[in-house]
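Please find the structures below.
Two complexes are shown next, each including chain A; its partner changes from chain B in the first to chain C in the second.
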Partner chain A sequence: MKDSTRNIQGWLLFTPAAILLLAFTHYPTITTFFQSLYTNKSIIRPRRFSGIEAYESMFSDPIFWKVFVNNMWLAVGTIPTSIGIAIIMALIVNKAIPGRGFLRMAYFTPTMLPMIAVANIWLFFYAPDIGLIDKVLEVFGFEGNNWLGNPSTVLPSIIVMTVWKEAGLFMVFYLAGLQTISPELEEAAKLEGSSRWNYFWRIQFPLLLPTTLFVLINAFLNSFKLVDHLFVLTKGGPDNASNLILYYIYETAFSFLDISYASALTIFLLALLALTALAQFFFLDRRTHYR
Partner chain B sequence: MSAIEVKNLSRNYGDIDAVKDVSFTVPEKSFTVLLGPSGCGKSTILKMLSGLEQVSHGTINIGGSDVTEIEASKRGVSMVFQSYALFPHLNVKENIQFGLKVRKVPAEEREKKVKDAANVVGLTDLLDRKPANLSGGQRQRVALARSIVSEQSVCLMDEPLSNLDSKLRAEMRDEIRDLQKRLGLTVVYVTHDQVEAMSMADQIILLKLGEIVQVGAPEEIYNSPNSVFSAQFIGLPPMNVMNLNDIDISTLDSKIKPALESSIIKNIGIRPEHLLFSKKGLPVTVKSIDYFGGETVFKLTHQEKDFFLREPRQPKIQLGDKLFVSWNLDDMYLFDKNNQRLKS
Partner chain C sequence: MTYRNRIQTSVELIGAYILAGFWILPLLYAFWAAFHSSSDAMHFDIFSPLTLDNFREAWSQAPFARFSLNTFLLVSFILPGQLLISTLAAYAFVRFKFTGANVAFALVLVQLMITPEILIVQNYVTLSKLSLVDTISGMGLPYIASAFCIFLLRQAFKSIPKELEDAAELEGCGTMSILWKVYVPLATPTYIAFSLVSVSHHWNNFLWPLIISNSVETRPLTVGLGIFAAPESGVEWSILSAATLMSVAPLLIAFLIFQKQFVQSFMQAGIK
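Showing the complex of A and B:
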């Protein structure tokens, strides 16, 4: 086959995917960017070019900073904990113990549930006085708390739920990582007198580093992408104490109908996630070469 | 004195007996090979010796003390694994000194020991490399160095050469044997390769289906196998074992015929190098000729049964030739109906 025919064939094969990508990913991204540079159109005022005004108001918007900091706290609160729990669960279900299959499924169940369903379950846990947590506390003589209604406990409550939801997914990655480690390594270490603890820190954990990096990036992305539960639990309240960037974008665009500002927020979030994805690209590729 | 003493050792997984009532001793500073086809339980025995596998019944005695219930790291054994079991994220030096670090050996002493061990196996220039950047033979050396540095008197090896190409395998065979002699190690070596067993062992323990078939020095097993299994497992090509019903006895030499009169004889065995082309005897047809340079192996058929003949010279014989073979009475092995050897 001639080179030119091969090229044409290649492009033809590429076209359907390219059209979908351009129409539903790249084109909306670019329009969003342009929308952020213009003011909103209304009946009395036409759209006009405003440059970076929307971005300026974003950086001076206290609510934006609040949701951004909330989001960072969510990341800090969920990522190390869920990774730690995921590793422990993976180590447990990697062993030949009776009921292993059941345990694996049990650990993975929260991940399979839709976020909305999870939120409904936890809504019951967190309900003041009649909720599961308050009921248990009552038994031990502690006072109840309106977990989701109190600005100082609402974000931690969301964090706990997110950890519960995410750890199972990360466990699957760690389990896959553990299973690539030859059991002979453990036997060799055992013969040398290495304790379980020593073996974990000197051998297993370093060998799981590529998995950890992958999970780390994914967990970070998820902490910005997962907001379904806010619709059920708090709607970002009270007083934006549990509001997150993506939910704030949704509110701005569809409740406050400020498309221009929502576009600016979207571009900010996009840039943040793109940077993270790039970091993933460079770090992960470099770290995994020894496999 | 024996370094290892195994008594009535068994291992069963549910209903399956992997190792059945095995007893043997390994003399100190000797090279003992556990030999057998796959599934004969040789690796299971090795793992039980190391403490990585539980013992169902029986006792294991290493260096004069009963270690049956003692954990792996306290038995005074080191091990070389089939896949080498090197830690992929650690360089050669860290791999070698892993155990020393676990045992909290001071840095200075550690340094010296690693240097010595690396020197012994010829790895001095490669200490900073990661296992992925080493050849198969070099990885094998790292595994050996790790075993040497532990300074245990007993070294267990689980098919350590099976992942190497044949030239390297021959080299490493000599090296391991040499190392064992120089360091005065007691080695228990598992393999399914009879060439390795024959060339390295002081003592071969031949296993089949979890049981010991024969124990002895290589030449002992080769020259006086106690069963058809021993006779055929060792030697390449294997011993020709022929059912008396399949051969035309009337054609045999008058010196051999009387020896076959007893009714308990079921099979006879002759090594390929003991079969001779001759003027009269068993009529055969040449089926294939494999020329190896130093020797030629003929595949012959007699009444549709195949057997091998090995010749150091290169006789002018062609495919399809009809010839006669005979053998000396002393070179013939006799087996009964249970495939056990009959002493003549």
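Showing the complex of A and C:
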């Protein structure tokens, strides 16, 4: 093939994807950035260049700090727990035990549900007095609680629900990781008289480290991208106690119609995600070096 | 097996089933509640009479048939679009190593971190300029070029031996027929894996469809259900359960039937 035909054909094949990517990824990223440097246009005054004003007001906005800290708590609360549970699930399902198919199905099914449906189901568990949790507490003689209406329990309640929803997906990644571990290692460990506990911590867990890294970063990204449940459960309330960055962006843009501020928030979120993704690149590269 | 080992194994087995119980019971409860009246569901009256009223009620309160159709149309617009456009792009990267291909690929990968979910504000502006707000195509368009799909197909195409391609060329196959007869068939597992992941993702997607749709004619199931369930609408719990079940049923049934393929696809897509 001649160089010129190769180039022309190659670019022609790539063009449709390029146009769509430019239109819906690169172009909006750039316009979001510019938008954040200008004030909002209104009927009485045109937009004007305002430099970093939007960012200054962002960093002095207590709600911004609140949603950011909420997001961090959500990540800290969901990720280690769901990874721990996912590893246990993968170890269970990886063995030849009775009802393996059923167990795998049970663990994975919540992953297939939309977050909206998950929220609908959990809404009833958390309902004050009539909800399942308060009913169970009542049987044991404990006081009920308005789980989603109380600023100190709303985020933990959402964390529990998110762990339930996500553990099954992470289990699948660990299952894939476990299957790459040679069965000979287990036999050797058995011959050496090593306990299962020992085998897990000395052999399996270290070999699963790349999987853990992958899951860790993706779970972190997910905790910033997934806000659907807030629409049904709390609308970010009470008093922003469960509000998250992306939901705050949505409110700012589509309820308060403050595009300039929403753009500044979006740029902040993008920077955060980009840094995380770069960290992933860096770490995953290192892994391939020592293999 | 020693006595001690046997005890250990059965304890583990019980633990495994208790965990499964925690994971499946919320769903079973919603399922059970959907077939009982709200007051029975609230009192956990396990042997109360079965009823289909909740489904009838939910069905008449919101146009779930229309929502299902919209979701179906959305998914059947996005998936073929993604497969077509990504196939061409991946083919360009693997076979044509055109000038600037590395830079182009880096620009593709940007979308892996900057996903359309985050650019909701500006994409809404773009779509209103194209007057595609409140259309199914507008809802699907930002997802059609998928970096993830291009990435997966590029990996799959790269593993295809050069000899097959050369043989096809000797047989007189042109550029497009090599793609169609050599590359695509050999990447079938990747196509299946991506398709299942993509369909589940877009069937369940909520935020962007919510923003871009504002009529019954375009709202997909998730958005319809979300509005139906919003705290201010105050629907009864059993009716909500019925509506939730109706919304998740198609995908859930597909999952239960093709469970193995689904799990394997998520696995494959995850490890790349």
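By definition in this document, the second predicted complex is superposed on the first by the 287 of 291 C-alpha atoms of A that agree within 3 Å, B and C clash if a C-alpha of one lies under 4 Å from a C-alpha of the other, contacts with A are read in each partner's own complex, and residues count from 1 in each chain.
Going forward, contacts are C-beta pairs under 8 Å (C-beta built on N, C-alpha and C of every residue); 3 or more make two chains touch, one makes a residue touch a chain.
Just so you know, these numbers come straight off a predicted model, no measurement behind them.
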_Please determine, from the superposition on chain A, whether chain B and chain C clash or fit._
fit
_Looking at A:138, would you say it contacts chain B, chain C, both, or neither? Reply first, second, both or neither._
neither
*Which partner does A:99 reach: the first (chain B), the second (chain C), both, or neither?*
second
*What is the contact status of A:56 with respect to chain B (first) and chain C (second): first, second, both, or neither?*
neither
*For A:89, select first, second, both or neither according to whether it touches chain B, chain C, the two together, or no partner.*
second
_First, second, both or neither for A:191, with chain B first and chain C second_ = first
_Taking the superposition on A as described, I'd like to know which of chain B and chain C A:239 touches: first, second, both or neither._
neither
*In the superposed model, does chain B or chain C contact more residues of chain A?*
C
_chain B versus chain C as contact partner of A:182, first or second or both or neither_ = first
_For the superposed arrangement, tell me the lowest C-alpha distance between chain B and chain C in Å._
7
_Identify the residues of chain A that lie in both the chain B contact region and the chain C contact region._
none
*Residue numbers on chain A that touch chain B, as the complex places them*: 182, 184-185, 187-195, 198, 202-203, 206-207, 209, 290-291
*Taking the complex as given, what residues does chain C use to touch chain A?*
12-13, 16-17, 19-24, 26-27, 29-30, 33, 42, 44, 85-86, 88-89, 91-93, 95-99, 101, 104, 107-108, 110-126, 141-142, 144-145, 147, 150, 175, 200, 203-207, 210-211, 221-222, 225-226, 229-231, 237, 240-241, 243-244, 247-248, 251-252, 255-256, 259, 262-263, 266-268, 270-271
*Which residues of chain B touch chain A in the complex?*
50-52, 72-74, 77-79, 81-83, 85, 87-89, 98-99, 102-103, 130, 132, 146, 150
*Hey, which residues of chain A end up touching chain C in the complex?*
6-7, 9-14, 16-21, 23-29, 31-32, 35, 85, 88-89, 92, 97-99, 101-117, 119-125, 127, 130, 132, 135, 164, 167-169, 172-173, 175-177, 214, 221, 225, 227-228, 231-232, 235, 246, 249-250, 253-254, 259, 262-263, 266, 269-270, 273-274, 276-277
